[in-house]
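Listed after this line are the structures, all set down as structure tokens.
After this come two complexes, each holding chain A, first together with chain B and then together with chain C.
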Partner chain A sequence: MPKRRLLLAEDDHMLASLLKYRLERDGYEVILEYDGKAVKEKLQGEIPDVVISDIMMPYFSGIELVDHLRNSLKSDVPIILISAASNDENIVSAFEMGANDFISKPVSPSELLARVSREIKRHYCT
Partner chain B sequence: MDTRELLTHLEKLECGLDSFSFSELKSTEASKLKESFEAFKSGLEEKVFGIPTEDSVKVETSKWENHIFQESRLVANVSHEIRTPLNGIIGFLDLLKETRLTTQQQELVNAMGSASKNLLGVINQLLELSALAAGQGKFEKVSFNPANLINEVSFLCKTLINGKQVELLVHYDEDIPKYLLGDPSKLSQVLLNLTGNAIKFVEKGEIRLDVHLKEERNKKVFLEFVVSDTGIGIANEHLKHIFESYRQAEPNTKLKYGGSGLGLSIVKEIIEKQHGCLAVSSTLGVGTTFKVILPFEKVQVHKSNASKIRKRTTVDVSGKSILVLEDDALTQKLMENRLEQWGCKAYITENGLFGLHLLENHNIDLLLLDMHLPGMDGFEIVHRIRKNSRFKHLPIIVLSGDASSKQQEAFEKLGINDFILKPYNSEELLEKIYNTSKQMEQQQDEVVLEQGEREKETVQIVNLNPVMEECLGKTELLDELIRLFEQNILEFIGKTKMHLQSRNIQGVGFAAHKIKSSLKMLHANELIQVCEEMILECRTGNDLDRLKTLFEEFITEYPKVEMAIGLELKRIKYKL
Partner chain C sequence: MTISGIPKIHTNLLWDLTLLFAILGILYFVFVFFFRNKLSRLALRRKNKREELAPIISNFLFHSPEDSKAEQKEYVELKIEIREYLGDQRFRKIISQILFDLQKDVAGGTRERLFKLYKELELHHDAFQKLESWRWETIAQGILELSEMEVGESYQLIRKFINDRRSVIRKQAELATVSLRSDGIDYLLDTTRHSISEWQQLKLIETLGKRTNYRPPQFKAWLLSQNKDVVLFALRLIKHYNQKGAEPSINELVKHKNDEVRIAAIQCIMDFHFQSAVPVLKKVFWNTSNTVKISILNAISALGSNKDIPFLKEVAKKESSFIVVGKAQSTINAIAPETILPSKDIIDLGGGKDRKDKAIAQNTEELNLNEEGQEATQSEEIEKETDLPEAIEVEDIEFFDEVEIPEPNKAKKIDEPFVPAFELHPIEQEYGSSMDELLGLVSSHGEDFDSSDLMGTYDKISYSEKSKLVSKLGDSKDDRELPLLEYIAANETDSELRFQAFKKIQSIQEDAKDPGKDPSTDGFNVPLEQQSIFYPLYHYTDEIDAKLILLDELIAVGDGRDVPFLQSLLSTEEAPIMKKVKKAIALLKEEKNDLKSRPNSKKEDGVEDNPTEQVGMEEEIPFEKDERIPMELFLLYEELGIESASEPEKKTSPFDFELSQEFFLEMDSNLTTNQNGRNE
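Now for the complex of A and B:
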């Protein structure tokens, strides 16, 4: 089976490095982008199997990303958002827009791995 | 009311100001008030009466002096700003040279290198001259051995002769006291400048450097230094101008011989500031003679110093790579020559960051460190070096002008292996390099254990265990994350500063929010708290001053966190 491709959008290089390492170690292919603009460009080419994005991103927020994927690109790719827990309003609107799941900061890599595999099972294996 | 009338009123007010006691004001506030009042008044007078004439000659002179001071300060500032990046350029060009280049590329890099070094030379001189002109050139008063100094000067000058048929003859009076009190680095600067000039202008023949004991009076010792050459000579009409800035004897001198035209004016400033005197005589086609007389103080020789008999053991330090962090151009040159003479590879820079870069990327065996560097000071450099486990055992010898026990204690705490007092002779340096490297090799194992013991006691400012677990025990990844963390912090500090300045409270909140999650990964609890307070203030309080205070708190606390991270990293790596 080919590797599942994940797009990870996170502007904190430190967190991004840790997550990338853990995701790759579990057999995923990880495309890492540090800002919203770059993410949007990447999506122009190909839609990955799962999108993981921080809500607070430069140029193009995670919420805008959900809107872009669902409404402009008409994609139903699973989207997991990373958010600072305190910001309920954002999370509600993210779900309304069509995000599938969210994980709050500080991110536990093991928890993210579990959520990613759940999304993949739900979306691709049923 | 016409303006003249206004002035009369102002005059009265001024008289009142002079006699009035500002009991509620601090004296500085009062004088500031008076100053701004005077400025206001003179501005008004100028508008009414035009530019003032005879009456205010006195004011004009002081303005002129102020102008010179301002100008040299500007020069100093600008030069300094240029020097720092330029040093970076030179350093990185040196690195570029070590990569694989085509012959043509090599030539280009060499050309860039020598152009930047020339520029640096000019800027350094400009900087120095402006410092002297503004009266900021500091003169040291330390005991030194003049015979040693003359030896080093002549050694350096001989390296400058470079294949010319020129002979340098040195005569040194035997009755000159062994130790004198004065500024040895300024003295060697004067002598190097004069002798260096002579070497530049003589194609064939001889240069003499004579040092005489001119006079011994009370506690003072007057030395006379005579530098004479058999060079091209200087025409009479040019002779009186040669000590002026940017003046060289003839317009085409620069083309033929290079130089900034500042060397002699620096020499003159240095000598005059020390109440010495300088004279020149010259005959075209025959040669030039410079005479310098400088006062020094006698010094009681310290027995411990004088009776130290050096063992003439043959010590071999060849093959060692030595990094020299030193900002004084003369010492740099001297070090380079000495080290190469001993068969060492010398890396020399005055830029702390670049030095650290060299350390990371070359196999350096030992560091010679001047504590007073521009930009990053010696303490910070040592701290950064020792923080990195790779350089735990790097021998560090400090070149210091300060022998106080307090300073020594501080060095020991920092983890410095030895220090040498400036000015030092080369034997001393060689011995220290040899002994320190040997010691470090032997002690290596003991030190590891000892340090571990000490570090266990540190309070938990951060906790790296959770993130280490997330890294699944991969220490390289942990190292990388810490590096990124430090980048995040720098970014946070930069952005917050900027936002605070432009009163962008939302921006501050955003930055604090970002850094909070990084801090949480490392469990830096105290800083997390500061961050949370900042975020809260941005959301509800909007008090810019409070934000500034919190930010300052962050900046004060952060170095502790950085240090704790360094210790934790070591603890994890050595499983202590």
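Now for the complex of A and C:
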């Protein structure tokens, strides 16, 4: 079975590295990007199986990224958003734009893994 | 000073100074450039190091003994490598910074492993060293690091900073003490000698809230503290953890010297609804500041009952601060709604006394609703103490006490309050007396009025007031007013007023002779001049301009019934009004004559027979009985073929104008053609 490809967009290098390490240990192929612009460029080439993105990022926010994926690229790829700002407006607008799941910081890597796994099952195995 | 007196400046010196400042400027820019670059390089190096260390830390954090052999080998190699690095102080700083930053972003098991790694790498020793620094920011950083990384061993070291003279260190130490051990809050409250700001209190409560399975101590123990901030914080904690067992202590704190403590205690009392505190609150009320008084009144409004109303009335009466008085009144209304009604800038419509009576009756009723009941003497005291916005007089209260209504069905106690056997509608009560006055049923001054009282003051009032008084005395038709009117007729210097008084006396005497006949009334006991709708409006204001505007309106919309009212004004008012009144009378009479002279008017009064004439000023609308209809409707009937329209005898009638016979004949032929066409 081929490895699932995850796109992880997180501007905090340390946390990004930690999550990448944890996800890779669980058998996923992780593409790491540190800002919204790089993520957009990456998405022009290929759409991954799951997108995990921080909401607060340089150039483009996670919500803009969701909008880009859903409206410009017309992709239904599962999107999981991460944010320290757990204000209702951000979460609601993210879901309205078409995000599939939301996880607030501090992030438990095990929880993130469980959510990724659930999204993959829901999207690709049904 | 002359120009020749200005000292000479050598050009060479100026050049030298220019050169000096240029060099200094260049040096400054070089210095800034150098250090900026140095800092950038350092930051870049740190960033690179962090990126280099990131996978190593991740490896450490997510290492498991169940990993494959290759991973186990990699882990051991990394451990050796990192041990070597740890000898370097800069590396230690970077790695401890990485771990410190990372703990904010991760949760769960990863966070636990991170703390373990921090201790395994013995990075906490660096933090301990920071505590020994002489720089406050380094100590504060060390305390923060140790508390965030949950280094329990640091508790003893940190807690000694609780009474540090430097506030930043002290605050950091307070948070760390509370965060590291569950009994840290006890130690803090026991030992702190400094103030704890409100913000700090909230931070400490937040820190306590993060502790898992935390069992708070009984914070009432710290209500005895000598430090008022500790007492305040203890009160806050008691409230936060809902510890209701401290009721007597909190009640006692209402007597505290410090206003802040008092207010906090009162707030606590309100939140916990300690009704036992109400007597204490009332006792301390008089010896407190206005802020505390308002807090006490707030508490009484939440906890008080009807038996607290006398106290509140006393407050409203005795207090000099209008804020406290206002609060006391609103508290009375909170306990017994609508006891005190608005009184400021309220226009007295003549029911002032009734309103007072009503308020007293309501108060008396409410006081007697009290479950425990009160003795009659106490009730009297209460009423005497009452100082409602409408000042209550003792006589008013006696009025209620003296009245006895026999109630055979109920054997009432003597001290029971008077409860009327009937109920008056509030509006009736309010305006009853004014209505009676208006209808001339009672004297405008009430039963006890003695006109001789006014004689003394009559001479002091102005001309217009005198004129009004004479007019009103005459209007009242009360023979008890005769002495005053006679006094005016005898002593008034102004001939006009004397004449008015004389006329009024005559009028009253005539009425007294023949009470059945009242030439100025229409049989309903209402004087003719008062039947005009303009009468109350006119007497509502004293302004001449407003009265002139009103008279203009009267001219525009008035009728014959307003003439008596206008005539009554002729003898009482100012020159411009007099002029306008005369004009109005002339115009109204003229219109009346016009109406009489119209051919359709059947009777002079015409009230019963012709409704259009009842209006007086309105034009009579001629009403035809020949069932003529508009031309458009006629044509519509024709178009639709409705029978009534085609009847020849009715063809002549629908028009309210004359048409030639040829027109109808032509129309008839057209109609016949149309009908034939439809039938075909």
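In the analysis below, the second predicted complex is superposed on the first by the 125 of 126 C-alpha atoms of A that agree within 3 Å, B and C clash if a C-alpha of one lies under 4 Å from a C-alpha of the other, contacts with A are read in each partner's own complex, and residues count from 1 in each chain.
One rule holds for everything that comes next: a residue touches a chain if its C-beta (ideal position, glycine included) is under 8 Å from a C-beta of that chain, and two chains touch if they have at least 3 such contacts.
Small disclaimer: the values here were computed from a predicted structure and weren't measured.
Give one word, clash or fit, describing how chain B and chain C relate on chain A after superposing.
clash
Please indicate which partner A:C125 is in contact with in the superposed arrangement: first for chain B, second for chain C, both, or neither.
In the superposed model, A:C125 contacts neither chain B nor chain C.
Touching A:K105, do we find chain B (first), chain C (second), both, or neither?
So A:K105 meets both chain B and chain C here.
Report for A:Y21: first if it touches chain B alone, second if chain C alone, otherwise both or neither.
In the superposed model, A:Y21 contacts both chain B and chain C.
Output check: A:M56 vs chain B and chain C. Expected answer is one of first, second, both, neither. What do you get?
first
After lining up the shared chain so the two structures overlap, which partner does A:D12 touch, if you call chain B first and chain C second: first, second, both or neither?
both
Do chain B and chain C touch any of the same residues on chain A, and if so, which?
12-15, 17-18, 21-22, 25, 84, 105-110
Can you list the residues on chain A that touch chain B in the complex?
Of all residues in chain A, those touching chain B are 11-15, 17-18, 21-22, 25, 56, 84, 105-110.
Which part of chain C faces chain A closely enough to touch in the complex?
47, 50-51, 54-55, 57-59, 61-62, 98, 101-102, 104-111
For the complex, which residues does chain A have touching chain C?
So the residues of chain A in touch with chain C come to 12-15, 17-18, 20-22, 25, 84, 105-111.
State the interface residues of chain B toward chain A in the complex, per the touch definition above.
Within the complex, chain B touches chain A at residues 467, 470-472, 474, 477, 480-481, 484-485, 487-488, 510, 513-514, 516-518, 520-521.
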